[in-house]
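Each of the two complexes below includes chain A, the first together with chain B, the second together with chain C.
Moving on to the complex of A and B:
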């Protein structure tokens, strides 16, 4: 329902600044970076929200020669019902969010790969990551991991600056739910634990630490398992959305150490910037080419630039459709923005992501 | 402009009232429920700033879609 004018002229519809429309080739998304959700909208509604922003309902209807009056009312009703926007008298008082992305850390996130033959100096790696300001670490153990090994890594991080540690570890007899819950209780930086190669899939209810422990049957035995693109990995939040405007949301400010100690942008990338036995993370980061891929954003990537998920998706620059083209689409992405279809049903967004009453 | 013309603060939940204060704006003579909710929800963002928030994106992506249980 269009409200009455509030003293001045007729009110106009304004989106909340945190609700940002993103146009795709066939459909668009309305990304709510505050509530962490998105809804599909037709490209017609995207056009209304962008090209006709700041106009009254009557002006929008007139712009389409009153051919779609009913649809426009439905669209506005939909936006109000889902709390994407509001009626106001002076939309100039509600400017869009500044999507400039900045971070004080030289490195924001890191991957540390471990296998049965690794001989990492955890204390040194963690100390160097600290120096770089790294705040998030994922440790990937490709083998059946012993608790003592996990404890050694976590102890090295105990007094550092890391804010979160994600563990992806191979199943082993010691990795019982109780042992992992105890580990999470002792190390408050752990934010998630996934045990791969487990005999059966199960997700344990969150303990009082809030850490989710999950067992998966998938076997993760090398970096080549990485680079998957599916809605489970979509991130709808302001920092990633803003970062994605100008940066690569996977590689930007990332550093990794593979199982042999090679320093790379990510363990799946072919290029090494030296081995930790001979160089430091600082030296690798200082290399002229280390940050070269950080600025490849989704608006530059073939096909992705037409995808409505482009600022929610965290990309992959290691496995590409065309290995010779730096701007090629991730090879493990099964979504076609031109048909709005996923190759496999399992990769479609969960039904909850599609609103009842969403305009067609 | 009045600071709280519609008694918005009083309409927030007790938890919402304890969050750090924000400046309320009178958006429209008919304040919708959405407006009230949005203002309540924006409070943590205003308190922490998004740059300083915790890390929320996946660092690597080795796992497939959720397995059936």
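Moving on to the complex of A and C:
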């Protein structure tokens, strides 16, 4: 209910600190980084929440010459109904979240690619990642994987500092649901197992360990399968949201080893910082250019900077709309923030056809 | 410049449907595209976690 206009003590509406509005060209989002959800809101409501923050309902309505009283009432009721905020007398007592992002680890996440010709020294790679403080590892096996190979990787990680391991593996006769469930039970760091190139798609119910095992029919046989931008990949939580303010949400504090042992920012990036045969992960990381892409944030990327999803999106710096421009939009993103429409890649407008301004 | 106040009931502001949040995975399959709903695992997924087990020491 919107409080009646009263005397001097009229309450004002305040957003919960975890509910953060993000302006897009055509519409905005209100991201609840605590509950892990977002709602679309009109840019007019974004304006009320930012430029008119700390004002009473009457003051907001007056600011718009009472032209939109009905809409403003609707907005405030919407915010209350969805528990985005509350009425209070002293909004200064509810400061915004500090979105400064810091991490003590030199590397927070890594990708390790494996194919049938790979000759990785898993013990060495995992030991080095451990030394760098890596918390999360994605292992991508492009070929039909044997259980022994997976066990070798997981054993190398058994006593390390990794908190999560995501496995993407090619289907093989040994990769039965029972075998994968057993693997997950034996290795508590496994977060998810996705088996690609399977004859049929199915998702197994989460086991007691909470690990989701999923079989997919798609063939994922190279790093080029990565880089898609889609709501299914959005991450709505405080750490990513805060990291995205100043850093690249894909590459920041990431190191990758491709199937041939080349050390890269991501396996899809062209530049190698040396091969594991001659170079350590530490040495590659120490290269002056290694961290150059870490600070490319969404506010600097063409088109993305006008997108309401920009702090939820995981981005891609490997496959770009304009390969010569590091600040170009991901080529595998089919969203147009100027029309708020998703298009299939084939329908994507040519760069010259994309309006630069926000249509109002 | 003051914004025009659009109504929240407009289609533009409706939450994404489940199908829209499904992701198309794998870049190589052409016909037909397969879609999957995003997986969200919450730490509180298991209301009665077995805290006697330790994955490191099994």
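One rule holds in what follows: the second predicted complex is superposed on the first by the 337 of 360 C-alpha atoms of A that agree within 3 Å, B and C clash if a C-alpha of one lies under 4 Å from a C-alpha of the other, contacts with A are read in each partner's own complex, and residues count from 1 in each chain.
In this section, a residue touches a chain if its C-beta (ideal position, glycine included) is under 8 Å from a C-beta of that chain, and two chains touch if they have at least 3 such contacts.
Here the structure is a predicted model, which is why all the values come from computation and not from measurement.
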item: Partner chain in contact with A:133 - chain B first, chain C second, else both or neither; value: neither
item: Partner chain(s) touched by A:177 [first = chain B, second = chain C, both, neither]; value: neither
item: Which of chain B and chain C A:103 touches, first, second, both or neither; value: first
item: Chain B versus chain C as contact partner of A:340, first or second or both or neither; value: second
item: Partner chain(s) touched by A:206 [first = chain B, second = chain C, both, neither]; value: second
item: Which superposed partner A:233 touches (first chain B, second chain C, both, neither); value: both
item: Chain B versus chain C as contact partner of A:217, first or second or both or neither; value: both
item: First (chain B), second (chain C), both or neither touched by A:47; value: second
item: Which superposed partner A:68 touches (first chain B, second chain C, both, neither); value: second
item: Chain B and chain C footprints on chain A, overlapping residues; value: 191, 196, 201, 203, 216-218, 220, 225, 228, 230-233
item: Sites on chain A touched by chain C in the complex; value: 26-27, 36, 39-47, 64, 68, 71-72, 74-75, 78, 158-159, 185-189, 191-192, 196, 201, 203, 206, 208-210, 212, 214, 216-221, 224-225, 228, 230-234, 332, 340, 342, 360
item: For the chain A and chain B complex, residues of the former touching the latter; value: 3-4, 6-7, 11, 16, 18, 34-35, 80, 83, 85-89, 93, 102-104, 108-111, 135-138, 140, 163-164, 166, 168, 191, 194, 196, 201-203, 216-218, 220, 225-233, 235, 237-240, 242, 249, 254, 266, 314, 316, 346-347
item: In the complex, chain B residues that touch chain A; value: 25, 27-30, 32-35, 37-38, 41-42, 45, 50-51, 53-69
item: Parts of chain C lying in touch with chain A, wherever the complex brings them together; value: 1-8, 10, 12-16, 20-29, 34, 36-42, 45-46, 50, 53-56, 58
